[in-house]
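Presented sequentially are two complexes of chain A, the first with chain B as partner and the second with chain C.
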Partner chain A sequence: MKLYLKYLKIHVQSMMEHKASFFLTMAAQVMTTITAFLGISCLFLRFHSVQGFSYQEVLLGYSVILFSFSLAEMFARGFDAFGSILSNGQFDRILLRPRNDIFQVLATKVEFTRIGKLLQAFVMMLYVIFTSDISWTPCKAAIVVLMIFGGAALFSGLFLVYAALCFFTTQGLEFLNIFTDGGRELGKYPMGIYGKAVLRFFTFLVPLAMIQYYPLLYLTGRDSRTILGLCPLTGFVFLIPCHALWKFGVRHFVSTGS
Partner chain B sequence: MQKYISLLRMKFIAGIQYRAAAFAGILTQYAWGGMEILIYRCFYLENQTDFPMQMQALSNYVWLQQGLLALFMAWILENDIFEMITHGNVAYELCRPCDLYNMWIFRNMGVRLSRAALRCLPVFVVAALLPAPYGLKLPPTPGSAGLFLLSAILGFLNAVAFSMLIYVSTFYTFSIQGTRAFCLAVVDLLSGKVIPIPFLPDGIRQIVELLPFASMQNAPLRIYGGDIAGPQAAQAILLQCFWLAAMILAGRILLRKALSRIVVQGG
Partner chain C sequence: MIQVENVSKSFRVAKRNAGLKEAVKSLWYRKYEVVQALDRISFLIPEGEMVGYIGPNGAGKSSTIKILSGILTPEEGLVSINGRIPWKQRKEHVREIGVVFGQRTQLWWDVPVIDSFCLLKDIYAVPNIEFNNNLEELTALLHLEEILRTPARQLSLGQRMRCEIAASLLHSPKILFLDEPTIGLDAVSKLAVRDFILKLNEAKKTTVLLTTHDMQDIEALAKRIILIGKGRILLDGSLSELKEQFPNRESLDEMIASLYRRYQI
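After this line comes the complex of A and B, so read on.
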């Protein structure tokens, strides 16, 4: 942990060398998610609700997804660039060091520019908290926090799978972005509105509905079973098979030799 | 003219070599098209009276947009050109006995056409097989097909002329990727990429429809499905011609001004 903090400090220092570039990149990223938010708002100006979900309820779901996706992007981006880490031989060096390999890959890259998106998600969440009809209790607040971190774990798991598959292909498989970016895209709205087949896919295969839709049902009082609030834990469970795949990949790793 | 056409051909042939990348792109396009349809279907089933387009017209819009992404998007830009400008290699380009503006606009067209050529057919074939209001259908009348073709060519040229403005602006600002990405995000919203323009609230929508960004993909994609027809279509096409002329003129003037004071450091 201490070592990770040291890495963080180095990342912050290197970033502050290029302050203007940092803030511009951050602004650009916030702009893309703000246009997405404006898109949702325009649709709700026209339709007012979708399958019984109000604007605030939809925004709550979206802010949770945006929050967790940005957290995962910020801290687990190292996996995204893993193709190049493999092909330029950096991974050979990582294996030689007496530290955990996942830890080192994580530490190679921390994207602080995602702070802007986190801030936006936070503002949307505040708006929902103050304007929606949900009667907030400490328990419900805890569920929201659980959703965010469960989601961050889930997206990190997907990034980990992406990296693990690089062991077999050396290059990043770009179409896997469908699951991460696609999950974030569909996550703009409660995942249950798309029909049974989609919900099943996101319950059993990529358990994104577990961290967004089911707890949302509980938070908005559509379903009173408290157990739904614990669904986001699935995000952490999801890391187990992802980690297994990574271990499997490392065992099959043959250096590219450069 | 001959030399610019052959430049276009060269870029086109180079572009269609990247088949693996195109394959990944096609998968992504299926997924994104499918997701957009899913989202709008929810709103359509929720409230059909407030739905500003026919569902079929919207599905056509989404699938054409996915298939022809490379033609109409403002953000299909060539890094080579940015590097040329910031690294000074533009000096070599200036030595050639060609007009810089023409050279760049034609190579950009070649790149975009090659990408679209590889991606559009697989997207269209699968989209055409989808059930009724959610798939891609032929345009309602032969007339709208003809107008679509005309408007699509103009939309494509509008997009290319706009990317030329982005290249030229690099002479004035130097790289700064952040600013560029910021502007492109705004363009996405104003051109109908984030949500189709008919879904914007009244008042804002009328203004956005007049901006050059609506002349890129909004006009052809809506003419195809018959969402814009008759005199409105004529008006949209005239507007496209106007913005095309305006953007090419602006691009040329700005480029000439930039070149008149350009200093290329040696090295």
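After this line comes the complex of A and C, so read on.
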């Protein structure tokens, strides 16, 4: 952990070297997500609920997903950009250092420009917390925190899968963005509204609904089972198969060198 | 001590003819050719020796270095470096080696070199006293005083290479692998690098394995050379013995060229 902070320091220093680029990227990031937010807001000017979910409830779901996704993008960026790390030989260098490989890939890239998105997700969340009809208890607040971190783990896991596949294809596979970017897009609304098939897919295969939809049902009082609040833990469980795939990829890399 | 016994490694290389049509065809059906990168190579390098590892492009030099440093697993054969198998005990092994790839950088591009060094100190968990001693010594020997505070991206190639070498020695490795350390350097930088490697080997008894295409590097540094071609070790012996075999050749380059021709590599 101490070593990670040292890496962070280097990243901050590197960033300072390119100030203009940093602020422009951050501004662009905020702009894109603000448009998404405006989209939802405009929709609610015409309609007052989406399948029974109120404006605030939808925003709560969206802010959680945006929060998790930005966290994952910020800290697990090394896996997201793993294709280039692999092709420019940086991964060889990683294997030459007496440290864990996953740790080093994580430390290779930290995307501070995502701070803009994080901030926005945070503001949205504050707005929801103060204006919604949900009666907040410490337990419910804890569930929201769990949702955020479970989601961050889930998205990081997806990035890890993406990186592991790079070992076999050397370049990234764009189709996997369906799950990451696609998941974030679908996450704008409670995942139950897209129909059974989509919900099943995002429950059992890529457990995004476990992060957002099911706990949301509990938080909004649609379902009283507290166990739903623990669903986001699946995000962490999801990391286990992802990690196994990664290990398999590393073994393949070490035996082929390409 | 580096012990290599009957190490083999092959790669599959995709092959296709030129042209768009062929490219499309290769999407479904791809021909692979197996290239034997290393074919039962064996050698032994005792502690403190400096060895020049030479051979034409694609002979298997880089694959050997990768195997010795634990990045690549061979299909067959035994490698033991100071009693460890590189690819099995990776973390323990890499603590004791330093590797410089002449064509690649290990410095963080946007920050002053000294910041990269400090991060390496933490990655290798080098104790303060040892780090400060090493840094002081390397700075003096490689003339780094003025460039330590410059971001790596603004260094010239020669300056950068000196920093690369320093970076791979901060944790006082017992073995140093240098993969084309003088590539693209001007005369002054080349001499500085050679001079430093000699001093390092003399003072610390660091084992050095050096690949290069620059025969002057070999002449200046290595008493022993290992010649590899098409994945096989063709020659392993002292430089002076080799020279005796070619009494009428003037330069080392010509000698090596005729060796390549003799072995048809």
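The rule is short, and it goes like this: the second predicted complex is superposed on the first by the 253 of 258 C-alpha atoms of A that agree within 3 Å, B and C clash if a C-alpha of one lies under 4 Å from a C-alpha of the other, contacts with A are read in each partner's own complex, and residues count from 1 in each chain.
In this section, contacts are C-beta pairs under 8 Å (C-beta built on N, C-alpha and C of every residue); 3 or more make two chains touch, one makes a residue touch a chain.
Given the structure is predicted, the values throughout are model-derived calculations rather than measurements.
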item	value
Partner chain in contact with A:T32 - chain B first, chain C second, else both or neither	first
Which of chain B and chain C A:S255 touches, first, second, both or neither	second
Which of chain B and chain C A:L43 touches, first, second, both or neither	first
In the superposition, chain B vs chain C on chain A residues touched	B
First, second, both or neither for A:P98, with chain B first and chain C second	second
First (chain B), second (chain C), both or neither touched by A:V123	neither
First (chain B), second (chain C), both or neither touched by A:H18	second
Doubly contacted residues of chain A, that is, touched by chain B and again by chain C	none
For the chain B and chain A complex, residues of the former touching the latter	21, 24, 27-28, 31-32, 35, 38-39, 42-43, 46-47, 50, 52, 176-182, 185-186, 188-189, 194-195, 199-201
Sites on chain C touched by chain A in the complex	11-12, 63, 66, 69-73, 87, 90-92, 94-95, 97, 99, 101, 104, 106, 108-111, 115-116, 118-119, 122-124, 151
In the complex, chain A residues that touch chain C	2-3, 6-7, 10, 13-14, 17-18, 88-89, 92-93, 95-99, 254-258
Residues on chain A engaged by chain B in the complex (per definition of touch)	21, 23-29, 31-32, 34-36, 38-39, 42-43, 45-51, 173-175, 177-178, 182, 185-186, 188-189, 193-195, 198
